[in-house]
Amino acid sequence: MIRTCKIFFGCLIVLLLLWQIPSIYNFFAVKPTDTPFTLYSSVVGKFAVLQHGEDKKMTYKDHTGGEYTEDQFDSILPTFYYRQLITDGRFPDSICGRAVTPRDVQISNFNMRISPLDLNAPKIGVQQLLESMSGRVDLTLPDDVFRITDSGIEFVKMATNEIDDRKSDRFTEMMLSKGFVFPAYRMSGNPTDRKEYDEGYVMLDANRKLFHIKQTVGRAYVRAIELPKDLVVEHLFITEFPSRKWLCFMTDVEGNFWVVERDSYAIKRTEIPQFNPEAESMLIIGNMFDWTVRVNRANEQCYYAINADDYTLIDSLTYSTPNKTMPGLKFTTTKDKFVKPRFVN
Amino acid sequence: MENVIECRNLTHYYGKRLIYEDLSFDVPRGRILGLLGKNGTGKTTTINILSGFLQPRSGECLILGEKIGEMNPLTRRKISLLIEGHVQYQFMTIEQIERFYASFYPSWNKAAYYELMSRLQVAPHQRINRMSCGQRSQVALGLILAQNAEVLVLDDFSLGLDPGYRRLFVDYMREYAKAENKTVFLTSHIIQDMERLIDDCIIMDYGKILVQQPISELLGKFRRYSAQVKEGFELKNTEGIYNPSVIRTSLELFSMKPEEEVKAQLACEGISDLTVERVGLEDAFIGLTGKY
Amino acid sequence: MMIKAIFYKEWIKTRWYWLLALLLSIGFAGYAMLRVARVYSMKGAEHLWIVMIQRDAIFVDLLQFVPLFVGLALALVQFVPEMHHKSFKLTLHLPIRATRAVTAMLSFGSVLLIATFALSLALMWGYLQSVLAPELWQHIILSTLPWYLAGLAAYLLTAWISLEPTWKHRVINGVIALLLLRIYFMSPAPESYNSFLPLLAVVTLSYSLLSMLSLTRFRDGRQD
């Protein structure tokens, strides 16, 4: 008995040390690596790099070493600094040989963040499906929520906490008739009234077939989207950008990055190299010409320039961000929102 | 005679400080043994070892033939323990504490407890922490009587008691132990009243036992001698003499040797007009251990 | 019979505090429910549900440290009187194995604590299930479970510290206990403990083993 207690106490102390010593060391000794702000410029065909110099002054360069003034820097990133250019009266009539207006730039710009923190997080099993064709300018939140069960979709009236059987049956029947197999493997939507339009949800059904589901005038809109042969989709990211060009982005089991175009439901593969959204975070700053894609990997930060029209890889740049933290026992990580003990490097 | 308590070669240190080395003693059945000593001579240490709350560096103690550390818990039914200061569960009332202990002892004597409690000027619902030390001592005593154990281990029962309660406790305990043939091991730092209670005594000095014998034997032999001497006198031969002291011109010393031998021994040093007195236990204790 | 007597002793020590703890736990849980009910009546069910779904609100954040304090205080109420004038010696002198006596004491306190927590949870469940979908009330209840486990851990760890005979080790044990208790408050995100809860519950219960170490040290006569 006492032996058991002593062994237990010993194990407890060892685990506490494995937890505390690395965390104290990492807190005091490890400084995060700074990487400069980087964006691809289609104007000069190079990555533009904005960096704090040693004397705290900003330096404006490109990744081949060319230097710029602040004004020049605005001009080589016209879609990013378009508001500055308008204010200065320097906004051009055309960029890269294409006639543009500030409005075109504004509509085609987008930012997208994909973080493992959002994927690896506890989720509430109910969501809201907005009305996407209310006839009003502003979106409104519905008075019900839905859940996907093993046998269908269930809408629950919030005011009464009761299931709306008629609506549930209508939607379930529509989904089944389009070949949806319950339950859903993944779904992605953005149920908020603070957006310009609503595309409902993209879902992978139990067989990982892709569907687009929304509510139009109270009715179920369900569209099965044909996937290329051998494409096994893993994660979905609904876009709902002002340009309305895409329905969603996707990653497959092999780490490829795909887009689904909105009007045609055409599925296209991008040349963004291997990306695992469960472990790596991604930031895309897109405009009508190119996307700057930043991927934070284990020991490096990678920048990819992607052609906005055909999704080909134009250029890439890698900053080394060596991980100098001491491995140890941790309960939380920056990659998920779960608390559980694990050994982390 | 059967020994109820046996301690063999006890040695204990606190840190590096030696409390005692190779302490051995026995308590035969039916005897009341008092362990007397000044503060810090290891009385509480011995009690703690006997009651299982201290692991001695070496040596062992047996009560009722069982080693303390490996004692069957049920054997403790036959051992009563009184903690220093008559500590009992402070949060209980007279009634609650009786009900609590009754479950543990098959031969519980509820009547004996309440007989004693009826003499206390406290209500049955009064909590023990609201009682005086004297009243608490009566509760503790009542519990000991009710438990009806074979062996009683009492740690400094005199602590905090005024003379009345001390006398009450002593008389009750003596009466009870003798009538029921109980074996008692106790310590005390107050020697008054002890004569009335104990059969045998162990008197301890720092690190050793000075005397271990029946009280009657000790008091039968122990004498105080006093005489007038010149100022600056110093006794040369101190064999068999305890704590000789000279205050100005008065010499005082103690001995257990026959009077004739002491007189002869002192005569050699030029002392003749000796006053010889029998002493009580308290004086004998001081004579043996010194005033300092 | 003897175990029952030990329960009786523990009950005498803790009964008034238990009443207080019960009032406190139920009071806080009830107050949290009242706040939910006020949102419900003033802004409607829709607001309540949407705030939960979109903003991860669980409305019971103020309960976070209540079980911790309730558990810690229970251990103090139960074990400080034992250490007062070393009355614990009386308990250890009882004709019952010391480990059994301590196990009985810890079991008593744990059951009392779990009953208190279960009543608060039942109260919350009773109200929440009437106004929220199962996903939502489960979300709230599951988010509070690590806090209740922390209460149990605080109880068992405080018992361990209280029974320890020397101040030096009490301080060391206190530091260890603080670190162990931090584990229950590593993330404010609702339901983030779900997969860890079963293991955490087992580890929490095994903190009762630590009291046996204090018991051994007490019996060996360790002192400052």
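Letters are used for the chains, namely A, B and C, taken in the order the chains are written, and counting of residues starts over at 1 for each.
Keep in mind that, in the parts below, a contact is a pair of C-beta atoms (placed from the backbone, for glycine too) under 8 Å apart; a residue touches a chain by one contact, two chains touch by 3 or more.
The model shown is predicted, which means the values in this text are computed figures rather than measured ones.
Engineer: If you check the contacts of subunit B and subunit C, which chains show up for both?
Structural biologist: none
Engineer: Sort the other chains by how far their Cα centres are from that of subunit C and give me the top one.
Structural biologist: Result for max centroid distance from subunit C is chain B.
Engineer: If I average the C-alpha coordinates per chain and also across every protein chain shown, which chain's average lies closest to the global one?
Structural biologist: That would be chain C.
Engineer: Once every inter-chain C-beta contact is counted, which two chains account for the most?
Structural biologist: Ranked by contacting C-beta pairs, first place goes to A-C.
Engineer: Can you work out the whole-Å distance between the CA centroids of subunit B and subunit C?
Structural biologist: Each chain reduced to its C-alpha mean, subunit B and subunit C end up 46 Å apart.
Engineer: Distance between subunit A and subunit B based on Cα centroids, please, to the nearest Å.
Structural biologist: The separation of the two C-alpha centroids amounts to 83 Å.
Engineer: Round to the nearest whole Å and give the separation of the Cα centres of subunit A and subunit C.
Structural biologist: Centre-to-centre distance between subunit A and subunit C: 40 Å.
Engineer: Among the residues of subunit B, pick out those that touch two or more other chains and give their numbers.
Structural biologist: There are none in subunit B.
Engineer: In the complex formed with subunit C, which residues of subunit B make contact?
Structural biologist: Result: residues 48, 51-55, 73-77, 79, 81, 83, 85, 87-92, 96, 99-101, 103-105 of subunit B touch subunit C.
Engineer: What residues on subunit C touch subunit B, complex-wise?
Structural biologist: 1-2, 4-5, 8-9, 12-13, 81, 84-87, 89-90, 92-98, 218-221
Engineer: Once bound in the complex, which stretches of subunit A touch subunit C?
Structural biologist: Where subunit A meets subunit C, its residues are 1-2, 4-6, 8-9, 12-13, 16, 19-20, 121-122, 124-128, 141, 143, 145, 147, 156, 158-161, 191-192, 331-332, 337-341.
Engineer: Would you pull the subunit C residues touching subunit A in the complex into a rising list?
Structural biologist: Listed in rising order, the residues of subunit C that touch subunit A are 44-46, 48-50, 52-54, 99, 130-133, 135-136, 139, 146, 176, 179-180, 183, 186-187, 189-196, 199, 206, 209-210, 212-213, 216.
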